[in-house]
Structures are given as structure tokens and as C-alpha cells.
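Presented below are the structures under discussion, each in the form of C-alpha cells.
Next, two complexes with chain A in common: one pairs it with chain B, the other with chain C.
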Partner chain A sequence: MKKANTRKKYGTLISYLWSAPSLILICLIVIFPILYTGYISLTNMNVYHWFTYDVIGLRNYREALLVFDSGFLSALLLTVVWTVANMILQLVIAYLLANLLNTKGLRLRNCYRTLLIVPWAMPGYVSILLWKTGMFNSQFGLLNQWMEKLGFSPVRWLANDISAFVCCTIVNLWLALPFMITIIDGALQSVDQSYYESALLDGAGWLQRTRYITIPAIRPIIAPSVVITIFTTFKQFDVIYLLTQQAGAKTGAHIHTILTYAYENAFITNNYGYSSAVSMIIFVILILFSYVINMKPKEES
Partner chain B sequence: MHRKGKQRLKLTLVNLILILVCFVTFIPILYAFSVSINEQNSLLGSDFSFIPRRVTIANYRRVFTEEPVVLWFRNSMILAVSTVVIALGTGIPAAYIFSRRRFPGRKAILQLLILLYAFPSLLSMTALYKLLSPMGLINTRTGLIIVYTGTMAVFALWNMKGYFDTIPVELEEAAKIDGAGPLRIVLRIILPLAKPTIAVTAMMVLIYVWNEYIFSINFMTGESTYTLAAGLYSLQANETSGSWPVFSAASLLVSLPILVIFFALQKNMTSGLTSGGVKG
Partner chain C sequence: MKKILSLLLSLTLSIGLLCGCGAHGKALTEEEKNTIVIWHDKEDAVSSALLAELERLVPDVVVQLEYKSNLTEALKMVGNDPNAAPDMYFFAHDKIGVYAEMGILAPITDLIDRETLASSYVGMTLDAATYQGELYQLPIYFETLLFMYNRLYMADDQVPETTEELYAYMEQKTRGGHYGFVEQHSTAYYSAGWIHGFGGYILNENGDVGLHLPETIAAMEYHKKFVEWMPGESEYATVNTLFQEGKAHATIGGPWLVSSARAAGMDLGIAPMPVIDETSLPISPYMGVQGVQVLRYAAENKTEAVTRILEALMDPEVGIALAKVSGCAPAVEACYENEDVTADDVVMAMRETAEHTIPMPNRPEMDIMWTVVADLLVNINMSGQDVTASCEDAQKKAEDLIRKMQ
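Coming up: the complex of A and B.
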């Protein structure tokens, strides 16, 4: 009995020894900075108080959550709208395209699939910058060249909130659809074809088959990927930052997601304490969010 | 006969739609390519055409002669390779242990890692800056490597643990009976079997470092220390119509290696990623 106990302890020790390098790394570089962010959020650290800051308690949190003018709550609202709009568009478009790819007798299926996933393989920031300069630029962007050919005056696509939001959504769709198409396409391939045959015999139309066979069949398969995409959409930074609010090259639109909001307060207006408070609130939202959808690891116990 | 005709019509229609969708998808890339090889820089002129009348590679040459792209490439490579080596070197043994052994604290750590994975490292940028600067690590490669390895260590551990879970334990038990220690088991049995996940994890880490620009532009000052991503960012930041052809040439050049790696490993993508608990 005692021998078994020491062996167990020895086993635990070995386990920790093996995972120590990775865990220590994570503690020092990930966990400690998060805790430190929590500490900064309680201070008035900013560009004037970089070394000589004071602990001011929860004042930063109060400003973010209770003062509507501070901008955090409207950024949060916009982030929710952004996530919902993007997810609906992504799922619908990816579903339709994946269905087209699965048309019976389509010879060039693999060719189309390969072409359609290219945006996924491109470095994200490169694509966004190409969109910004190549498509949306008000002088030599392709869209305005087309506008001019059609006899319209050029439009400053990224200069007002609504059109900038639409532009960001288009770019985000361009970036995110390939992953979603791949996932739904894979799920569609796993649906048992015999269901469709019997449904066809019963005279079920496309909509009915979609509603009663396809969607229930693919839902559990695509669910984890959809959850992950919701997270990445919610945390989206690059698209909005690079398109509309690069330092020194703001386009005039004021659309902020919570991440660009936190970033702007940290590195543009240098309000570190406040920005850290926003960061901690975002972290809490993300934790709550993952508890709600119960993204616990699947474990064979 | 009638049915067959209808089927054919449907297929033609589907093909047409897909061709159109593929074309629309490629417009930004094609346009950038067309600008990059266009000899007349008549971007502002009304006679611009999608297909350039005279082709040139001058813009590609300018990328190498006028911009320190080779230096940026070197910086990116050093950062990427160091991060991959550290993240995988620490991640593989930990992933193996978390997959195979049951010990007190294991579940709690796994739960914590999921939470950490949800936390965007961008949000602790201030804290990281404040912690690294007294150590003199701002504006050094070491500083960036530290930031990148931290973010990627969580991903590497989770992703590889998920794949190790799918490798049957029986294989190891046979080796254990033959008297092989854990180190030998990992080296001889697990590593060869886990090639797909190691390749994909390494690729994801590499792509992350290759594409990361926000830490790079905030922590590095001065053109000579830039990575490719930060360099490209600075190229477009002083955006004038003159630098846009060079920028598009540079963009396509930078994307090329990533495209090649992506498609080379695409076969492994599904098994290497979907079996892991976390996707990139």
C-alpha cells in the first residue's frame, strides 16, 4: 500500500517534470502578464504616469461600464452586431457554396475547392492591406476606377461608419469563408445519401430536405468549428484596425470593436490603466461566453 | 432523355456560378498582380486596364533593391524558427504527458489552458511592454521571441495533446513490456506516429510569426529590426500611388512561401487540426 503510494507520487513528479518547461513558459509569459494587466487596471498609469502611477481602485472599471460616453459600451454593442451579422452571412453563404460543390456529377469540384480556399492560405494582414489599397482606396482603388468608368463620382468607401462597416464585413467574409466552406463541405460529405433517396421518393423539395435532413445531420459536426469562428469573429482586430484606423492613417470612420477600442486606449491615447481595465472586462466576457456554450474539452474519462 | 437534359442544364448553371464566385474571390489578388507587373504606372489614368499592355518585373526588382526586404526576411526567419523550436520542444513532452498520464492538477490545468487560449495576447501588450522594458528586451529579437512563444505554447500543447489522444495506447504498452522507458517511447513510437500533427502545429506557429505585425511594430523601432510583416506594414503606411506597385509586388512575394507551405500540408491539415481540441 505504501509502496503504491510512493510510486504514484513518483509518477506525479515525473509528469510535472516533463511538462515543466511548457508550463513555466506559459506561467511567465501568459499568466503573469494577465495578472499584471489586472494590477495595471487598478492604477492611473498613462503616458504622464509611466513610473509614478498610483493605485486608484475600481475607477477605471466604473468609467468603462457606467459612463456611456467613454465608448466602451457602444464598442461592445457594435462587436455583438458585427459578430451576429458576420456569422449569419458566413453560415448562409458557406452553406450554399458547399452545397453547390456537392452537386452530383460536378467534375471540377476539387479545382473549385482549391481555388476557394486560397484566401485562407494568404497571410491575413497582406490580404487586408491589398483590399484596403487595391480595392477601397479612394484615388486608385479598383472600385473607384469602376465607378468612374460607369460615370459616377469616386466614393470614399472607408470614410463613413456604415460603408466602412460593410467594407470590413466583406473583407472578413473573404477571409473567413474558406474555413467555413471546408468545414461544411466535409460535413455534407458525411451525410448518409440514403436519407435523401427516401426523401426524394416522398416528394420532399430542396427546402424540406435542407430543413429536415441536412441541417440536423451536419449541425453536431460543424458545431465546434462554428463556436471557434464565433470567438475569432468576436475577437477580430486586424480587419477593422488595418482598414480604418491605422496609426496616422485614420480614414474617418469611427467603428470600434472592443479589441480595437482597448488597443486605441493603450497605444494611441496611452491611457494604460483604463485600457487594462477594458482588457480585463473583455477577458471576463470571453470566460463567461465559453462557460455559456460549455466549450469544455471533450475528454474520455 | 428530358431528365438528362435538365441535369446537364443544372450542372452548367452550377459551374457558371462557381466560376464566377472563384473569379470574384481572386479579384484583389489578380488586381495586385496586374498592378505589380504593369509597366505604365498609369494608375490614375482613365485608360487603366485589368490586363497590362506592357509587362515588367521592375517592381519586383525594386522590392529587393530599394527596400531592406532581405533583412526583414532574415529577421522573420530567425524569429519563426526560434519560436517553432521552443514551442514544439517544450510542447511535445507536455502534450504527451497530458495525453497519457493522469495526475493531480491535470484537469484544472487543462481547463485553465482553454481559458488562456481565449485570451487575445494583444490585450496584455501593455503589461508585456512594461515587463520587458526594464530587462532591456524591447527592440530586441529575444523580446519578440518571448512574446510569440508564450502565445504559441498554449496552442501547441492543446493541439498536439488532442492528436496524441487518438494514438492507441496499446502500441506503447508493447514497448513498455520490452523495457523501454518513456523517453524512448516518445522518440521511437509517438514522434513517428505524430508527424502530421507536429507538421501542422509547426506550420501554424510559423504562419503566426510570419503574419504577426502588431507586436512587431510596437516593440521594434527602426527599419533594420522589422520583420517582413512590420516592413510591409510600414511600406503601405506611407501610401502613395507610386509605392503601391512595389507594395503589391512585395505582398505577393511574401505570401508565396505561406501559400506553398499551406498547400503542401493541406492533406495533413484536416487530421492534424480537427483531432486537436483547438483550431487555429
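Coming up: the complex of A and C.
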């Protein structure tokens, strides 16, 4: 009994040693920055006390909570709307496209697959700016060239909140769809064909097959990627910032997610203590958010 | 055997990961004392001209010019670490406040006599390089915005002398995809010229925010009517492409536009800034001074080599060589005795504009003002919000953010 116990302990120790390199790496690049941000948030590290900062307790948090004013609340609401809208559209479109890719007898399947993944291969920054000048620009953009050809006057797509929101969503879909399509495409291929055959024999239509076979079968496979995408969408910064608020190129739309709001109201102060406090609070909000999202599957199982 | 090997491997990996965490530091050798690292963010033409001049003037000091695209952020991270920081850096004057407050810069006057400096530089450049009474930069050249026009559309006698003439021209010529005049109307750097022309300011040398001043509000109100005749997009790419492609007759832009416009075959004219009718002052843009800053560690430990480089940089030949490749105006007064310099109409126009320019504020607070003023301009010019109320809101926001910097 005792021998088995020491053996087990020895085994645990060895496994830890084996995974030590990756554990250390995770600690260095994930855990350490969070802890360090937490530490900085308790200090007065700013331009005037850059290398000689002191711990000042929770004073930064008192200031930081003031950032979470009505402007922040509407940014939070918009972030939720943004996440939900993007997720629904992403799942529906990716599901349809993946289904089309899996149509029996489809020719040039690999060619379509490659084409669909192209947006992913481009750096996001480049894609976003290409969309901004190539599509939405009121002087040179493709959309306005079409508008002019059709006899309408040019529109400044990014100048008002609603159309800017739609434009941002389109660009975000363009950037995010390849990932979703790949995942769903892979998931669809793993569904056992015999289920469909028996369903067909029982006279089930496409809708019924989708609802009772496909979706339950692929759900566990795509669930993790959905959670990941929810997070990346929730903390999306580049798309909205680069399209509407880039320094020197603001367009007039006032759509703020919590991150762009925090950037404009805290990070530009060069006050690292204060900005870290804001980051820590956003971090807590994200943790709560992930807790809420993860709660549901557990209840079901 | 395999097991032991893999264990050894993971051990070495773990140790390897933790390596490099350790302290070091020892006295400098003679060779190290004679090697000066200068960070910069300039194009190749400028940096190689600078290096060639330094090699000629101080052949026995080893100079290493290193390009840093994110120079300002990199300096914040490593500014007081002698192992990672440069000895000097070559950059615009507007960041010296930030670094001086951080305590990483040494005043130039610790190394060079103040009297010598005062007598040999274009006056405004030394003002720009001074933060709270201390001189932190040795100016090399400066740049300002210029009024440029395309002679294909705007003849020399059509060039507006006043802003009302400019407005009339815009009203008359803006149609069918052509614009009489374009500028980056909703960015702080460009609108500052109009604000100064009315006697207002964004941030003064005491760190006061001037967005709620009646002069600033008047400038915003007046400038708005010009915006109506310009494209809604005001970012760099749109405005410059319109001008370069001959769709805009005139613009206010920096010297960096000149070479590409000329290369594209444009007959480019440069004129003095239009005078604002109401105040009789010309549009007075910001001036940026490019120069060399010395880090404190280098000033204390490599005094001799650093001083020799600074002295070399005061040689008019350096200013002339750099002005030629950068297209900017040299900061050393004696450079204007050189015929190549006086023959360059862009450089001379900048020298003239410099009489009315205001040095870009070099206080740390300016980092905030760029964003706040851009927001304000967008609210007024693009969203059509009330000018006075927007200015007052922006003033409050700027003051609040500045308080939070502390």
C-alpha cells in the first residue's frame, strides 16, 4: 500500500518535471504579466515617477472606478450587443458555408476551402486598413464608386454610428469567418454518415436532420472554439479602433467597446498605475463573463 | 534510458528558460567609453548622411546609428538601463518633457556652453528644445507646415493672401470631384495653425489647456465653414492622394510631401500662409525640431565622446548635409550662408514660416491633448455639435485626464 503511494507520488513528480518547461513558459508569459499588472496597479508608476514609484495602495482603483461611468456602461452594453451580433452571424454564415463545402459531388472543393481561408492569412491590421480605404473611403472606396455609377451621392459609411457599426461587423466577419468555417467544416466531416442514412429512411427533411443529428453531433466539437471566439470578439480592439478612431483619422462615429473606451479615458494618460487598475477591473469583468458562459454547459451535462 | 534523457532535456529547458535573470554591471572600458550608440527613426538617406558627417568630423569615436521604429516606447522601457539604452537619440523635440520628467535625459548645457549655443541657432529652435528652463535637445533641423499649390490649376497670382480669398476660391472651384483646397481638418496638428492664428492655444508652456478660451472657440467656429468645402475624410492618405493626383488645387502639408509631388511631375508652388482677415495674423502652424538628446548615463560616463559628437553636430556642414536629404530647414544660423540652402525654396519658405510658428509643446500633457483635440474637432466638424459646448466639454475632459496623469 505504502509502496504504491510513493510510486504514485514519484509518478506525479516526474510528470510535473516533464511539463515544467511549458509550465514555466505559461507562468512567464501569462501568469506573471497578470500578477505584475496587479502589482503596478497598486503603485504610482507614471511619467513623473517612472523609475522611482512607490506602493500607494488602492488609490488607483478609486480613480479607476470613476472611468466606469455612464459612458463606460453604454460601451459595455455596446460590447455585449457587438459580441452577440457577431457570434450569431458568424455561426449561421459559417455553418451554411461549411455545409455548402460538404455538398456531395462538389467540384474544386479544396480551391474554395483555400479561398475561404485567405482572409486569415493576411495580417488583421492590413485587412482592416484595406477595407477602410479600399471599400469605405468616400473618395476612393469601391462602394462609393458603385454608388456614383448608380447615380447616388457618395456616403461616408464610417461617419455615423449605425452604419459604422455595420461596417465594423462586416470587417470582423471577414476576419473571423475562416476560423469558424474551418472548425465547423471539420466537425461536419466527423459526423457518422449512417445517422443520416437511417434518418433519410425514416423520412426526415433537411431541417430535421440538421436539428436532431448535425447540431447535437457537432456541438461538443465547436463549443470550445465558440467560447474562444466570444472572448476575442468581446475584447476586440483593432477593428473598431482602426476603422473609426485611429489617431489622425477619426471618422465621426462614436462606437466604443470597453477597450477603446478605456484606451481613450485611461491608457493615453501614460499613468501606468492607473491604467493597470483599469485593466485589472476589465480583467475581473472578463473572468465573470467567462464564468457565466461556462456555467450553462455544466448544468446541462 | 529514454526516460532519463527526456528528464534531462526538460531540466535543461527549464533552466534555460530561467537563464538571463541576473544582475550585471561593471566599469566601462576605454573602448566602450569611445562607442556611442544613437537611436533614430529617420529614413536611410538622413541617417547615412548623418553617419558620414560624424565619421568625417570625429573619426576616432565609434558611432553606431540604430533604427528604432518604436523609439518612444522603447525608450520608456529601457531609458535607465545602461545595458539596453542608447547613449543619445535623434528625434523630434516634443517628447523631451516626458523623458525629462522620467529623469533619463541630461541637459545639453551640462556639456556645451550655453552662450555658444545661443549665438549660433535659429531662435525658435532653442525655445522648442527647452523644458522647464533646461535645454534638453541639440537642434539639427526643423519643419513646419507649408501652403502648397498645384500650378496646373492655381496660377501664382491666384494664390490667396487671406483666408477669405481662400474661401472664395474654394467656393468657386470645389465641384465635379475637384477641391479648391484640402487639409487634414480634423487633426490637432493641422488645426493648431488656425487656433494660433486667432490667438488661442491648445496647451501653453505652463501646461494650461486653452480649449475653452474665446479665441480658440472663435477659431473653431470660423474654420468650420472651410470644412464644408473639403472632403469628409480628413486622414493623411485621403488628403495627400487628392493633392498628389491633381484633384485638389492647394493644401497645407509638410515638407515630406514635396519630393513625392515633384517626382510625380507636379509643378508645385509654395506660398506664405494666408492671413486670417479677422485677426490679421497668418495661419501659424506648429514647428517640430529634430535633434539629438543625450541620456543621463552617457553624459555622466562617456562625457568626452558625447561632448565631441555634440560639438561636431554644431558644425554648419552637418546641418547643410541633413537639410539637403531631409528637405527640412537647418537649425544652425550659419547654414543660411550656404548657396544650396538659400536656393531651396522649400527650406527658405520654412525659414520664413518659422517667424510665425509656435513650437509644438514639449510637455508630457501633450500626449493627451492630441486625442482630446481630435475628438473635439470631429464633434464640431463632422458631427455638427455646438462649438462652445464641445469646447467646454473638451476642456473639462483634458483637465481631468491631465489630473489623472499624476
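Operating definition for what follows: the second predicted complex is superposed on the first by the 210 of 301 C-alpha atoms of A that agree within 3 Å, B and C clash if a C-alpha of one lies under 4 Å from a C-alpha of the other, contacts with A are read in each partner's own complex, and residues count from 1 in each chain.
By definition in this document, contacts are C-beta pairs under 8 Å (C-beta built on N, C-alpha and C of every residue); 3 or more make two chains touch, one makes a residue touch a chain.
Everything numeric here is computed off the predicted structure, so don't read it as measured data.
In the superposition on chain A, A:80 makes contact with neither chain B nor chain C. In the superposition on chain A, contact is made by A:101 with chain B only, not with chain C. In the overlay built on the shared chain, the residue A:293 is in contact with neither chain B nor chain C.
By the touch criterion defined above, A:63 lies against chain C but remains apart from chain B after alignment on the C-alpha atoms of chain A. After overlaying the two complexes on the shared chain, residue contacts for A:215 are found with neither chain B nor chain C.
Contacts of A:88 after superposition on the shared chain: neither chain B nor chain C is touched. In the superposed three-chain model, the partner touching more residues of chain A is B, compared with the other of chain B and chain C. Once the two complexes are overlaid on the shared chain, A:250 sits against chain C while remaining clear of chain B.
Once the two complexes are laid over each other on the shared chain, residue contacts for A:140 go to chain B and to chain C alike. Touch criterion not met for A:166: it reaches neither chain B nor chain C.
Overlaid on A, the two complexes show chain B and chain C touching the same residues of chain A, namely 14, 18-19, 21, 25, 28, 133, 137, 139-140, 246, 248-249, 266.
The touching residues of chain B, when paired with chain A in their complex, are 7, 10-11, 14-15, 17-18, 21-22, 25-29, 31-32, 35, 43-44, 46, 48, 86, 89-91, 93-98, 101, 103-104, 106, 109-111, 113-116, 118-128, 130-131, 146-147, 149-151, 153-154, 156-157, 165, 182, 207, 210-211, 213-214, 218, 229, 232-233, 236-237, 239, 241, 244, 247-248, 251, 254-255, 258-259, 262-263, 266, 270, 277-279.
Taken in their complex, chain A has these residues touching chain B: 11-12, 14-16, 18-19, 21-23, 25-26, 28-34, 36-37, 40, 97, 100-101, 103, 105-106, 108, 112, 114-127, 129-135, 137, 139-140, 142, 145, 148-149, 174, 186, 224-225, 228, 231, 235, 237, 241, 246, 248-249, 259, 262-263, 266-267, 272, 275-276, 279, 282-283, 286-287, 289-290, 295-298, 300.
Only residues 6-7, 10-11, 13-14, 17-18, 76, 79-80, 98, 101-104, 184, 186-187, 189, 231-238, 241-242, 364, 367-368, 370-371, 374-375, 377-378, 382-383, 401, 404-406 of chain C touch chain A when the two sit together in their complex. Partner chain C is touched in their complex by these residues of chain A: 14, 17-21, 24-25, 28, 46-48, 50-52, 63, 133, 137-140, 156, 159, 246-252, 254, 264-266, 268-271, 274.
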